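You will see two complexes here that share chain A, one where it goes with chain B and one where it goes with chain C.
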Partner chain A sequence: MNLDVEEVSFTYPGGVEALRDVSLTIAAGEAVAIIGENGAGKTTLVKHLNGLLKPTHGRVTIGDWDTREHSVARMAARVGFVFQNPDDQIVEQTVGDEVAFGPRRLGRAAPDALADATAALEQVELAAESKTHPYDLTTPQRKLVTLASVLAMHTPVVIFDEPTMGQDARGVALIGRIIETLKAEQRTVIIITHDIDFCATHFERVVAMANGRVLADGPAGRVLARADLLATTNVEPPQLIRLAQALGLAAAPLSVDEFIRAWTRRNEPDRRA
Partner chain B sequence: MIQLTNVTYSYPRAETPALHDLSLQIPAGQFCAVIGANGAGKSTLCATLAGFVPHFYRGKLSGTAKVAGIDIAGSSLAELAGTVGLVFSNPFNQITGARFTVREEVAFGLENMGVPPAEMAPRIDEMLRFARLSEQADQSPYALSGGQQQRLAIASVLVMRPKVLVLDEPTSQLDPIGSREVFSVLRDLAATDEATVFLAEQKLEWVAAFADRVLVLHQGRLVADGPPAEILASPTLSQYGLEPTRYTQAARAALGAGFRPQHPDLPVTLEQAVEFFR
Partner chain C sequence: MSSTPFSLYIPRDSGMHRLHPLTKLALVGFALILGLFLPGDWLTYLAFVLVILPLAAWAGILPRFLPAVLKTALPIVVSLFLVQGLFWPGGTPIFHLGPLSLKQEGVTFAIRSAGRFIMVISSFLLLTFTTRPDGLMLALSRHGVPNSIAYVMLATLQIVPRFQAKANTILDAQRSRGLETEGNLFIRLRALFPLIQPLLLGSIVDIEERAIALEVRAFGRAGPKTSLLMLHDTPAQRVVRWLLLLASLAIIGWRVYLGLAA
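Right, the complex of A and B next:
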């Protein structure tokens, strides 16, 4: 199902204007990363996609549902949401119950919910912790628990707010694999991230935000190469694009392989000479 | 400035030590980063240097740990507070909750140190500017975004001008350029004010670009200690659950494809990578 954000503005109680006339369409199965400085409106925008916030002006539709006409509980069947801070999300006494909570709320029978939870915990490599109290885990592990909770719900759309924050290299690689699996299943994946190298590796489309507006929206290789534009929202291009630009290569490589190809192409005439 | 001799520490009821037989010396003016996988002991080491281990977490500390000549186990947290500042990774743990505005939050430490009000105001203004929070000075700390709160937490500690500044992943919630700014301020602090800066960090690109020295912790043990260019390009890095920067990865791929560079050293920063691939 498509996600449509149509001319949305949002003002928090107290007067902070967090979104200003944002329009965005995300097609089913797209992988989209939202980047931008602290306070740009990224979290406010994604909270509109699961109905946690309703637009002050404009309209948000998830498939045929207008978010103003459906409860957050109902929206949860379509949009899974992993908060930045796992402690905003955890409610149960064991990791297994926590992960089964979502599918149970969606009305699945207890054995099915348990099976969903078990599979999701295996995916985040925490199957051994299903009887553990969530607060006996470390914060990065708790974040993986909240990720599993959302995976267990099998929603067509999943949103992760800063999924790699606090994770070490192994955790980042694990989350990368989960995102690749979701993409292969044709699910829509949306993340907010400050980790631009992670964004370059896994996301085909990038939306850069600043001051509540969309600054740029397009293919990762194009948006992430615009150093001057990104600087206005406190972001730098990923390492390999910066290196390519410093070397005067025309390419915007998103992976080591792409970088090596672009660099080899440039060197070939030299070698023949 | 920091001196650890055979330091071993176990949390209460833990079966294995979180820090195992650490010995190291960090002079004044050095910017030293500790890296390692989650659970390697980075946060515990930060907490030890600030005295939270053993004074807050209890547990069993053996060996000798000193900062600025003060024995950590033999002094109270209050005695250490004038010498060592600790910035937590989660700003929620840092903000006192006892003050109503951002300005008052930054003033809190100075008031406790008994700094005269006339001297306080310019120091606070300078810090608010550095933290890009001048416009938010009269807002509640809780009205700030995560990144702004993290800058506030750093400012509240920096304003006290500690001799030793310990930071546990201080940029985890900051946008990339915000992180770069924090790192460059920390480097200047070490270089010009002779402060010792000790920080735990996951993002190796920042460590490579700014630190003078890198320590690698693995399962509570110190397994490597040296300059960034040596430590971060080492083939052993992945054994400790760490991923080299994309610059190092690209250079390895080029070597694998038969490239023979003029400078054989593997790059860890953008500048070194440009030299390598030129």
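Right, the complex of A and C next:
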């Protein structure tokens, strides 16, 4: 299902104008990373996608649902949202119950909710902890529990707010694999991140934001290569792109393989010579 | 002057805002004593109208102050009238509602209690809306109040907005997982249960982290401390503070005397 953000502006009750005339269409199955400095409006924008915030002007539709016409709880059947701080989300006494919380709220029968929870815990490699109290886990593990609790809901759209924050290399790789699985299942994945290398590795489309506006929106290789534009929102291009630019390569490689190909291509005439 | 995070302070360029924090504390304290110690059932309301409201208007915060007082006080005031009015033992019935009757004595007690409650709430809100918490803490420390006690006062002033912000975030997280919070009173009350654990555990963790953060920044160190905040005091304000203190003591003394004489 498509997500449509149409000329949305949003002002917080205190008077802060967090979004200004933002328009965005995300097709079903797309993987989109939203980047930008703190206060750029990233979280405000994604909170509009599940109806937590309603636009001051404009409208947001998820498939045929206008977010203004449905409660957040109802929107949860279509849009899963993994919050930045796991401790704001955890409410149950065991990891298993916590992960089954979402499917139960969506009205699934208890055995189905349990099966969904077990499968999601296996995906985040925490199946052995299903009887553990969530607060007996480390913070990065609790973050994975919150991630599993949204995966278990099987929503067509999944939003992650800074999923790699506080994770070690193994945790980042695990989250990367989960995102690739969601993409393979043709589910729409939206991520807010400051981890530009992670963004370059897993996301085909990047939306850069600054001052409540969309600064750039397009293929990752094109947006992430624009160092001058990214600098205005305090973001640095990924290391591989910076290295390629420093070496004078015309390409904007997003992976080591792409970098090697670009490097080899450039050196081929030299070898022939 | 910008708004401070997790405080109820409303930045305005008003005469009330520019007053020394202790002068504001004395003004609000005097208003509170007027409201609590004046005899009769209606003088408390008069103190609210003649002292608290003009001060809020002077501070330029009336449009936000009045709804805040109403929102905070209304549930307690309504329940006071219902419980005291309908369930006052004995008493003179003034209105019958099926098997229940509204008692005059209960209503009188509710009017008196509600007035006092409104005075306490409005005084607290007036002080917090017009005073930066760090300014109040500094003023108290400079006047001999131990840092730890000043900090406890500051933390008390900040706890409401901190709790509110945390509760909203937790509620958002649960709504995003399908927890219905919109609908009748029963649905809204049921939605509060999942809030309790993360709110309490989060607050305990928060308190511990704040204590550690304070310790590593030499909070417990003895001796004078430097503050980057400048407080402006004037001889006139000092005189006003003493007069307000004396007037407050006089009101309390007068009431004690009346009580003893009776």
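Side notes on the structure shown:
Heads up, the rule we're going with is that the second predicted complex is superposed on the first by the 273 of 273 C-alpha atoms of A that agree within 3 Å, B and C clash if a C-alpha of one lies under 4 Å from a C-alpha of the other, contacts with A are read in each partner's own complex, and residues count from 1 in each chain.
Keep in mind that, in the parts below, a residue touches a chain if its C-beta (ideal position, glycine included) is under 8 Å from a C-beta of that chain, and two chains touch if they have at least 3 such contacts.
What you see is a predicted model; the values in this text were computed from it and never measured.
Residue contacts after overlaying the shared chain place A:A119 against neither chain B nor chain C. Contact with neither chain B nor chain C is seen for A:M1 once the two complexes are overlaid on the shared chain. In the superposition on chain A, A:I90 makes contact with chain C only, while chain B stays out of contact range. After overlaying the two complexes on the shared chain, residue contacts for A:N38 are found with chain B alone; chain C is out of touch.
Legend: residue contacts after superposition of the two complexes on their common chain; A:A262 is shown touching neither chain B nor chain C.
By the touch criterion stated above, A:A73 is placed in contact with chain C alone, chain B being left untouched. Counting residues of chain A touched by each partner, chain B versus chain C, the larger count belongs to B. When the shared chain is aligned, chain C comes close enough to touch A:R105, but chain B does not. In the superposed pair of complexes, A:A127 makes contact with neither chain B nor chain C. Of the two partner chains, neither chain B nor chain C is touched by A:L229. Taken together, the two complexes place residues 14 of chain A in contact with chain B and also with chain C.
Note for the complex: chain A touches chain B at residues 14, 36-39, 84, 138-140, 162, 165-173, 194, 196-197, 231, 233-236, 238-240, 242-243, 246-247, 256-257, 259-260, 263-264. Against chain C, the residues of chain A that register as touching in their complex are 14, 47, 50, 52, 71-73, 76-77, 79-81, 83, 85, 87-91, 101-102, 105-106, 135, 149-150, 153.
Chain C meets chain A in the complex at residues 3, 166, 169-170, 172-182, 194-195, 197-198, 201-202, 205. The touching residues of chain B, when paired with chain A in their complex, are 36-39, 89-90, 143, 145-148, 169, 172-180, 202, 205, 241-243, 245-247, 249-250, 253-254, 257, 270, 273-274, 277-278.
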